[in-house]
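In what follows, a structure is listed as structure tokens, so that the remarks can point back to it.
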Amino acid sequence: MLHLILFLFFGAICVAGAVNLLVQSHPINSALSLIVVMASLAAEYLLLGAEFVAAVQVIVYAGAIMVLFVITIMLLNAGAEQHTKGSRVAILIGVPGALIGAVLVAWTLLTRGHTGSVAMGALPGSPQDIARLLFHEFLLPFEITSVLILIAIMGAVVLASRPEAIARRHTESHQPDPLPQERQPAPQLVGSGKEH
Amino acid sequence: MVPLSYYLVLSGFLFVCGVLGFLIKRNIITIFMSIELMLNGVNLSFVAFAAQWHSLSGQIFVFFVMVVAAAEAAVGLAIIIAVYRTRETLNVDQVNLLKL
Amino acid sequence: MTPNPYLWLIPILPLAGAAINGFFGRQSSKRAITAVALTFCGAAFAVALFIAFRFSSEAAPYYFDLAHWLRSGDFHVDFSFYLDQLSLVMMLVVTGVGFLIHIYSVGYMWDDDGYYRFMAYMNLFMFFMLTLVLAKNYLMMFIGWEGVGLASYLLIGFWFLKDSAASAGKKAFIVNRIGDFGFLIALFLMIKHFGTLDFPALFAKIQPLGVETAGAGLLTAIGLLLMVGAAGKSAQIPLYVWLPDAMEGPTPVSALIHAATMVTAGVYMVARSHVIFERAPSALTVVAIIGTLTAIFAATIGIAQTDIKKVLAYSTVSQLGYMFMACGVGAFSAGIFHLMTHAFFKGLLFLAAGSVIHGVGGEQDMRKMGGLRRYMPITFITMGIGTLAIAGIPGLAGFFSKDEILWKAYSQGSWVYWLIGVITAFITSFYMFRLMYMTFGGDYRGGSEHYEHSHNSHGHGHGDAHGHDAHGHGEPHESPWVMLAPLVILAFLSVVGGWIGIGGRFEHFLAPVFQSAPAAELAHETGGEGANQFTEKLLMGVSILAAFGGWFFAYLLYSSKPQLPARIARALGGLYEAVAHKYYIDELYAVLFVKPLIDGSTEILWHGVDQGVIDATVNNSAVAAREVSDEVRHMQSGNLRSYAGWVAAGGACVIAYMVWMGIR
Amino acid sequence: MPRARAPAPQDSMSITTFAIISIIKSLAVIGVLLTAVAYSVWLERKVSARIQNRWGPTRVGPFGLLQPLADGVKFIFKEDLTQPHVYKPLYIAAPMIAMVFAITSISVIPFGNWVNIGPWGTYLQITDLNIGLLVVLGITSMGVYGVALAGWASNNKYSLLGGLRASAQMVSYEVSLGLSLVGVLIIAGSLSLRNIVDAQRHLHWNIFLQPVAFFIYLISAYAETNRTPFDLPEAESELVAGYHTEYSAMKFAMFFMAEYANMVTVACLATLLFFGGWLGPVFGPPLLQAVLPVLWFCLKVFFFMFLYVWVRWTLPRFRYDQLMAFGWKVLLPLAVANIVVTALIVAWRA
């Protein structure tokens, strides 16, 4: 009973956050709602007993990845998105398709899903067990993902680092200065103020 | 006791929200966040199944998904910054040079 | 069966010569080319003689397995060679005559630009011909069979710049294809029913089979199909049409391929397959009839020809008819005997004709010759000997072999064969002496205008380029000794070549090959000796009379009363026209086969199938692809969200499918 | 959902008593914490004054002990300015976020041993998770948002730069901080703070076993809490007041309290992880025995708070690129090396 209540509570927060992510026009709000979703998902993990997963979810996802998003939004000073009609396909075909798929899956799960039910803290994923599994059975994938991370870091550095040529071109053509910290001219202040 | 299907439906809902976000949002960063949302939905289903079948492998998968998501976030945001430098916009509808 | 390790050398040596000349001939000097060609060909001849001297009928047949070729299941074909009396004769003829003609062509082709090509082709031909002769199984024989066809195609079209030569080469090749088709099917039948193509094994399988009296039967079918192949290769009715045109090739080629060796391959093949034919009487009869008809038919055409080489060509066809007649009545040894002698004197005649053409600067029309006796005596003498030999004047090669054939035709066949044979002999001697008189007798009619004439109409226009330049408006001249020497040798052979047949020695020599005849045949031989002696003498006399009669008529018409032939021609009218135009056979074929074929190919296959179906399919599919992609490319909007939309729709489809499969 | 690790007590008591005790504990802890925060402010002002050879607050109460109260009152009654062009929702939310996470992180900090209050007994700790350390890390990492959002929402270039610096700096130093703790975890073999403390009995304090890790932790903790020498987010000389330039009155106070609460948390963690928590000589009557561990704990935490102030008025401020270079190129490799060495030693011991 308590389990169901807690599940519904955090599930509701999840749903609210997800929907908010969609309806909000400003990316920073979407980011925050996504953080909310992640936090409540961590709670759901705790309900399922995956406490370590929950902690890592909070630390890595909410604490690191989303911070990156927020920093990027602040760097690029992303304003509210303008509602351009770029793609009819996405609206006319994609959205119905996604909804249909969702309805089908939900219907199948609720009517025909012969899955049992889980108790609170069903599978205690204690750090020790996780570590044992991760460093024995899944050692190779673990190492491979570490390499992947390394490559990703290099790629990010290369992509985000600005070659001097680009810098010069931007400065010549009155583009904002290379260093991101200093790109926040006053008119934009007013402009972004209007945006809200 | 909560039916596992509830968790699955929740994860499915999150996933679909991600898809819809990808479809209807114009801001690259928001679209990127929708991807993260999808990944989270998948993670939830992983954990739920792990609880269902009593095998921690599901939770291990969540870690791998997180690692991939982190790498993806790093590279993806770098790409977004590069795009913004060149195109001066974050609106995907205006970043559509890749066509005939 | 005794192995003989030297056999394989005989075919391989000419091949080596052909390879060397073919690959390096262009750069190397003519002397080098000559050296290579003659060396390898002569080496083959030497090896052949070496083997021949050590040949003993007890040890025969010899064989040598060079290498495996095809192995599938229990059916296997190897690169193996086989030498018995029959192939020994063929081998000696081919290498010997071939070697002489090689020497001859050195002088004849010296000034031609494609000298190295010519020598390479000749060597190549030798290789294939020897493969054909020495093959141990039908498939090896078929290789040689096709190879000589190829060589003859290359050599007929040697002056491929000349349209007539090129088309003549094509004609020969295509007609041969028709024959080879029959040959191939015969091979398939053998494989199907006997599971082997090796001569010894195959014949051992066939020996026990009885004679197919009713006519129709497997052996009969095989025999008839083999005969189709033989007819194609040996220019028998109805496939003889290619041989006269083949005269477009250089004269040595005509001598070697289209007189001495290749065209006799059919005879050899029939003789080699005697085991089959002896058990298929009806097939044998067909062979005999075809041979007889060809003999008389070609001979009559030969009367009216004015081109010296055409005359010899038709004479060749008719002589081949003789050989088939002999085979047809079961006298294979006689056929082979005539094959050998014919190789001598017909080779001689062609070479002499070549010498004549050479001497008068590329002229081939006999009406523009005459009186050459004074200019080229040696050519005259040798060609005279050849004429006497082919005419069947007693004492010379042709007499013995032809008489043998006629006697066998009478004794083993029927008097009809004999009668037609005698008439053919008469006609033969007539047109041969006519050729002699028109060419050598009387006064020289060539004169100045043969010059351009030879240009616009005749083959050796550039084959004998020097023939013009050397002596402006053709003062006829004797050929160099490199050309005359082979003439002399062949003349000698034409004289003595027949003597080995006296008293049936040749027959006895070949006997071990042909002794497998079923009982039915042997009856004739041992029937009432005494009577046969008398009739044989009688028939011999008749054939001698025929020979001299032909000579006399020729003398009458073309030496004493030269105006007579024109009147006779006028008197005969349409008949003469028909003969002069070879009975319009070529035209007939053109109407019956060629035109329908070409029109059918053009209308149905080209315009109908190829353009209408195949090309249309390709083009329309291409057009369709373009149309479709013109529409579809709008999906490539470059808009991220549109792509996502398609992906989402596709995912929905997949989910729907899976759900449906799940609940079904 | 918090799964109690100590078997007997909580299982025996009913859910209601558990809830009541938890609430009482929470209120007590929060009260203590806020007081501690207030007086750490007072402490800072006093010590800095002394270091600068001044008196510091003296007027309100003896030794100005009531100064924090006065400050609080002042903050409450000050006018709450909200600039026109700020992004209101986040502008208001940011301080609360900072505050909430700062205070929440105390919830898993054990500051004492097992005590019996009449019939019931309990740990001196609001909840004992067996991933307590991770929870603290997670919550502190969430604390970044308060600063970052404040900087962004107040729509002012100084604030934005402050926020950017803060978030970047905290994210990068969080890495080496987390890694520095791994060595301790390897030794203790548990993520539960209580177990970690228990592992340090008999003076096996991690400060002796893991000196390198300790210094790494201390440095990155200072960076995490934006304290000098890493206080670039609010570097007065460069960015007027960093991310809280636009804030005033209670909102500003919240940031202020959040910062000091974070300091307290970090100090508690340092105490627990490296200085054996509440461990110390315990003697005397049962009451004293119950009180002494808490006393040791408070003393150690006080030492760290003092250290904070001391360092602040001793060391100059970094330059930003120096900060980043130091974090990524010195601390991170050092922490990794420390982990490797520790792991090798432990494995070799076993």
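To keep things simple, chains are lettered A, B, C and D as they appear, and every chain counts its residues starting from 1.
The definition used in the following text is that contacts are C-beta pairs under 8 Å (C-beta built on N, C-alpha and C of every residue); 3 or more make two chains touch, one makes a residue touch a chain.
On a predicted model such as this, the values are computed, not experimentally measured, just so you know.
Central chain assignment: B. Criterion: smallest distance from chain C-alpha mean to the mean of all protein C-alpha atoms. Chain centres here are Cα means. That of chain B falls 33 Å from that of chain D. Note: centroid distance chain B to chain C, computed from Cα atoms, is 83 Å.
The centroid of the Cα atoms in chain A and the matching centroid in chain B are 6 Å apart.
Taking the mean of the C-alpha atoms as each chain's centre, chain C and chain D sit 111 Å apart. Across the assembly, chain B contributes residues 19, 23-24, 26, 92-93, 96 that each touch 2 or more other chains.
In chain C, the positions touching at least two other chains are 637, 639, 641, 644-645, 648.
Multi-chain contact residues, meaning those touching two or more other chains, occur in chain A at positions 52, 56, 64, 68, 73, 75, 86-87, 90-91, 94-95, 98, 101, 105. All chain pairs in contact, by the document's touch criterion: A-B, A-C, A-D, B-C.
Across the complex, chain C meets chain A through its residues 635, 637, 639, 641-642, 644-653, 655-656, 659, 662-663. Interface residues of chain C, counted against chain B in their complex, comprise 633, 636-641, 644-645, 648.
On the chain B side of its complex with chain A, the touching residues are 1-10, 12-21, 23-27, 29-30, 32-34, 36-37, 40, 43-44, 47-48, 50-52, 54, 56-57, 59-60, 62-64, 66-75, 77-82, 84-85, 88, 90-94, 96. Those residues of chain A lying in contact with chain C across their complex are 86-87, 89-98, 100-101, 104-105, 108, 112. Taken together, the chain A residues at the contact with chain B in this complex read 3-4, 7, 11, 14-15, 18-19, 21-22, 27, 30-31, 34, 37-38, 41, 44-45, 48-50, 52-53, 56-57, 60-61, 64-66, 68-69, 72-73, 75-76, 78, 81-87, 90-91, 94-95, 98-99, 101-102, 105-106, 109-110, 113, 115-119, 122-123, 125, 129-130, 133-134, 137-138, 141, 145, 148-149, 151-153, 155-160, 162, 166, 170, 175.
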